[in-house]
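Two complexes, one shared chain (subunit A), two partners (subunit B, subunit C).
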Partner chain A sequence: MKLSAKQKEQARTAYLFIGFPLLLFSVFTFVPILFAFFISFYDWNLLIPDKPFVGLANYVELFQDKVFLVAIKNTLVYTIGVVPIQTLLALVLAFIMNQKLKGRAFFRLAFYIPAVTSSVVTSIIFVWIYSKPGLLNYLLSLIGVEGTDYLTNPSTALFAIMALNIWTTSGYFMISFLAGLQSIPQSLYEAAKIDGANQWQQFWKITVPMVRPVTYFVVVLSLIGCFQVFDQIYVMSAGGPVNSTTTMSYFTYNNAFKFFRLGYGAASAVILALIIFGATWLQKKYFPADAY
Partner chain B sequence: MCFLVPIPFKISKYLRYLSGLILLWMAACQPTGNDTLRLSSWVSSPSETNLFKQTLADFRQTHPELDFKYEPIPGNYSEKLQLMLGTNTAPDLFFLKGMTAPSYMSFGILNPLDNWMAQSPDFEATDFFPFALEAFQYDGVQYGLPKDFNPYVLFYNKAHFREAGLDSLPTNWQELEQMSAQLTKDRDGDGKMDQYGFIVEPSIEMVMPFVYQNDGHFQNPDGSLGITDDSFIEALEFYYGLYQKGVATIAQDQGVAWNGDAFGRGTCSMAISGGWLMPFLKDNYPEIDYGIIPLPAGKQRATVAFTTAYAMPKKTAFEGEAWQIMNYLVGKEGMANWTNTGVAMPTRRSVAEANGFYEHPVFKTFMESAAYARPFQVQYSERGFEEVVVAFQAIFFMGKPPREAMEEIASQIKKYRLVKNKKQR
Partner chain C sequence: MANVELKKLKKVYGKDVLAIKEADVFIEDKEFVVLVGPSGCGKSTLLRMIAGLEEISGGDLYIDDARVNDVSPKDRDIAMVFQNYALYPHMTVFENMAFGLKLRKYPKAEITQRVEEAAKVLGLTPYLDRRPKEMSGGQRQRVAIGRALVRQPKVFLFDEPLSNLDAKLRVQMRIEIKRLHKQLQATMIYVTHDQIEAMTMGDKIVVLKDGIVQQVDSPMNLFNNPANKFVAGFIGSPSMNFLQGEIEKTEELEFVSGTVRFGIPNELNLHDKLSPYIGQPVTFGFRPEYLYDKAKEKSKQLSVDMDIIIDVTEPVGSEAYNYFHFKGQEDLTFCFRSDSAYDYQSNETITVGLDVARLRFFDVETENRIA
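Moving on to the complex of A and B:
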């Protein structure tokens, strides 16, 4: 393709602008990703100079490692539980916050605050709430129910952390939905009202389809976020009890940085990346952003 | 220092040069700070940090010619140290925890100290408690020198004992269980216990004293795995039994962060802990009236002692200087300065004797324990500990029978046996 002098000039300026960020991005993101892929084929202990090539041995071992299989299961349960509830909740919140309500600004702020609070801080607060003499059990005791210690009970720990994550990120995605809602022409709602549609019908027949591009964006982001969940696990349960909250990221971290097995950790990170890639691809194929 | 210089290449060639540029840039950014010796430690409490800085200041005064920088590592010490060692940016002198020492020693990245010890007439290796020195030996080579130790002892609440009419203290397992039962009570009469005799914890360090007392091992002297032996299982069953029978609680049931907190609140009348519980109680629960005795004995007396050493990396450029500092810090003068407040116990018998540790009303209990204390160390990777913790959690939180839980993980743990780095042989 032949470029005119002006186009060349423009291209040069454009590259100059993106050049520096691109460089940083390459050094701190692309190169490490490629490198992680590379070392996943090695028995890579940072502290031992001898780093033998082991081919697919790390991958083979991963799929025989009970803890890794549990981690995959936990990650899937976490994602399948969190993403739909979180997306729906964010949409409903946004829908309500888009109405002309009294104190709307206050509620918008209140719902958004968890999203801008450090995840470590919210995690610590929830450690207290979920503890045996904590707030949740106090509230339950008022209605005569005796609760457990949610984070040391293997059957509740993962769900407790899922609930926390739904709470923190719903407000964040609410903002995305709000922006989407405000771009829906008012005339659609007016026309629907004239045709006799009630609030419920308006929500499902107009709002939901019209925010589809936003929904796509929200679902992709929360899918990726959920598959990579780490901070809450690290702070609240350290993967326990009995590995009931060990997720793939936490497994990767433990093996790479605590058990001196960077190659093995990298291999599990590669599998996590493949799963995320696959999930996003499926979504793009079956639920594209621009169906309407 | 390292700058990114904008290079006026033609845009079309930009990408081609990009990769080269990155390599160049990375090569130019050699780790800095190789001009002075660096000393790193983890950070536990402000009072300990101040004490350590004071000890270093004393050294500076007597050795003004020796320049060094103190760079504490505030969090994730082990992870950070691993990365620093792997990228040749490790400090020239650093703390090494006894429990993780076997991994580091097996990787062959620490500097052997035997020559330096032999060359220094004032060192006197025989002055050290053998268990502390042995914790940092691998294949007969000394890789670290223990700066202090802290054994598990039994803390008891004097007021609770008086109230329950107990005029003696537990000396064996039976008494521990009996007295725990007598000390467990429902104070406010709501049908739920709010004072327990004892507190347990699903962690390997807490179970090991009982295992050692029962003549068991995590790893037998012949190298085989001991966690399915009767002596190990019996001890675990006794320890878990205290909780199962309701005469002991666990921190999670009380919503507290750790055993010491439960002890301070009076939720439990006895707790096993190291000396670090004393400053915690002083700061948070100054009114509590407590005493300290050696652990009750099983078939034999035993306790677990935690010990920390100084070590230097193999690739240090300041070997001689690092040795000088190390020799001072674990020497009679440095160790006396560091341990004089009882933050941890001296690993040199002479320092303990000269500073009255054997006569001190509190410290003598710790010193008495030194006679039969053992470091908890095994030739298995940390992944092995993780598996044991998971099994303990299954026992405590899901009621899995101890024998079944240990048998299930035994074959898994055997895979994590440490192998000496072949290149180092």
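Moving on to the complex of A and C:
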């Protein structure tokens, strides 16, 4: 197809417009990804000028590194725990917020605020809530339960951070579900009412299947977010106690920027990327978005 | 099957927005009743009140002599067909139709049997495994009807079910719904804004305007004996012509409006009703089909000669709608229906007469029919 002079000029302008963002993406995203993949085959230490090619040695070492295996386990526990609860909670919250409630705007705002608050700030607040003399233990003491220091106890630390994450992200995903819910025609519920469906049946048989495309989107984002969890761990527990909250992202950070073993860190990042890729692929294959 | 009775049924939105003002309608068992009126007249609200989807603000609603004001929709034993079909997009045609029965815990074999029967009646058998989005508008509407059918409810409610279909399909579905009504012998309540649909389908028509029931009657009675000017103008297409004038008494009663003047023969028994209006303004109504070209029509008793001038003609096949004004009254346009073979031309003057048996008069203030 031959372009006219005007079309050529339009195309030039269009390329110019996408050129700049493309350049930014390339410099700060695509090139680093490729570079990370590249250095994962080298013993790339920031402090040592000699950076020898080591082939798959970094990968072999990773799977012999007990901390890395713990990090994989922690990341999986974290993801499997957070994704379903936060998705279900977001849907239920959206369903409630979609009813004609008094003070609905206030509740929507209240649930959404954690999502727009800096994660460092919420993390610091929760460090206090979870501490031995903190709010949680005070509330528990009112009903006669004596709590622990949740972030320094290896058996509770990871779950405490999971709970925080569920609280901060449910409100964010609630907004997505709310948009999905509002696009369901009211007449479907009316038809269901006449067909004999009660509130619960309307929720399971109409709402849940109708928001399936949103659920897909939420689960994908939430899976990726959970696999990459870093900031709360960095602020609240630094991977401890005894590596009980070390996740793959935190492991990568530690090796690359604390021990300066960039090649080794890059290799663990590649494994993480492969796991995320695999998880989303599985989801796409077995739980497709299925827009009606 | 059941009768439905509306006793002073009232709907108020918020504090003072009156949607339905004391509707009194009795719908007999097996009757096909059409609620008709212009947009915003409250016809859908009334239907939704019967369905239980709108709360009733006042009055009583009876289905089969049981008061159902506070009964939930699922327990009223009704089924409804929605304007936008309201099919569940994530379910197949079979599942859509079976949904209500499943919720009511019917045995599987019976569900299958009922759905298959309904599908056969509606010609949906080959589509039972399809999803709604894979079907045309007409097929979707059939599924919506099927969903109502399998429930075998006491009362069927239809909320403008054909308005999303094209003209040809609408006529087809109209006939099909009528056929279903005959076959099922069920009570059906049908909402439409289309008066042709109302006239062709209803055993009885309820005409609504501004939330007030104007008249409840058979289609032909509405056409021939409208209760007021609104019903007269709403029923019939093209609608009735109205001309404001005065009743004068000479040897007989006469209607006079500018250059238009004709006598009302004594034998029509209209004199008793019109006498109080002598010297008073009245609205005269005549249907486009009851005006005749005197040169062509000899058999009917027609009024005195009147000269009209054709402005525009609209041939619509076998007949034509001719828009005209009376000679000497250019500012008022009326419609006159004729055989299209007469082929009237613009600016042509013809002499017409009114069928005197079809003269209708309305009170100017109350708009109620006088005679």
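Going forward, the second predicted complex is superposed on the first by the 276 of 292 C-alpha atoms of A that agree within 3 Å, B and C clash if a C-alpha of one lies under 4 Å from a C-alpha of the other, contacts with A are read in each partner's own complex, and residues count from 1 in each chain.
Everything below uses one rule, namely that a residue touches a chain if its C-beta (ideal position, glycine included) is under 8 Å from a C-beta of that chain, and two chains touch if they have at least 3 such contacts.
Source: prediction; values computed, not measured.
In the superposition on chain A, contact is made by A:Gly134 with subunit B only, not with subunit C.
In the superposition on chain A, A:Asn243 makes contact with subunit B only, not with subunit C.
Contacts of A:Arg212 after superposition on the shared chain: subunit C is touched, whereas subunit B is not.
Within the superposed three-chain model, A:Val27 lies in touch with subunit B and out of touch with subunit C [touch as defined at top]. In the superposition on chain A, A:Gly144 makes contact with neither subunit B nor subunit C.
Look at A:Asp50: by the touch rule set out above, it reaches subunit B but stays clear of subunit C. Contact with subunit B, but none with subunit C, is seen for A:Asn153 once the two complexes are overlaid on the shared chain.
Subunit A has more of its residues touched by B than by the other of subunit B and subunit C.
Against subunit A, in their complex, subunit C makes its touches with residues 51-53, 72-74, 78-80, 82, 84, 86-90, 99-100, 103-104, 131-133, 147, 151.
Chain contact summary for the complex, subunit B toward subunit A: residues 4, 11, 14, 18, 21-22, 25-26, 78-79, 82-83, 85-87, 103-104, 107-109, 252-255, 381-383, 386, 389-390, 393-394, 397-398, 412, 421-423.
Residues 11-12, 15-16, 19-20, 22-23, 26-27, 31, 45-50, 66, 128, 131-134, 149, 151-154, 240-243, 254-255, 257-260 of subunit A are the ones touching subunit B in the complex.
Against subunit C, in their complex, subunit A makes its touches with residues 185, 187-188, 190-197, 201, 205-206, 209-210, 212, 290, 292.
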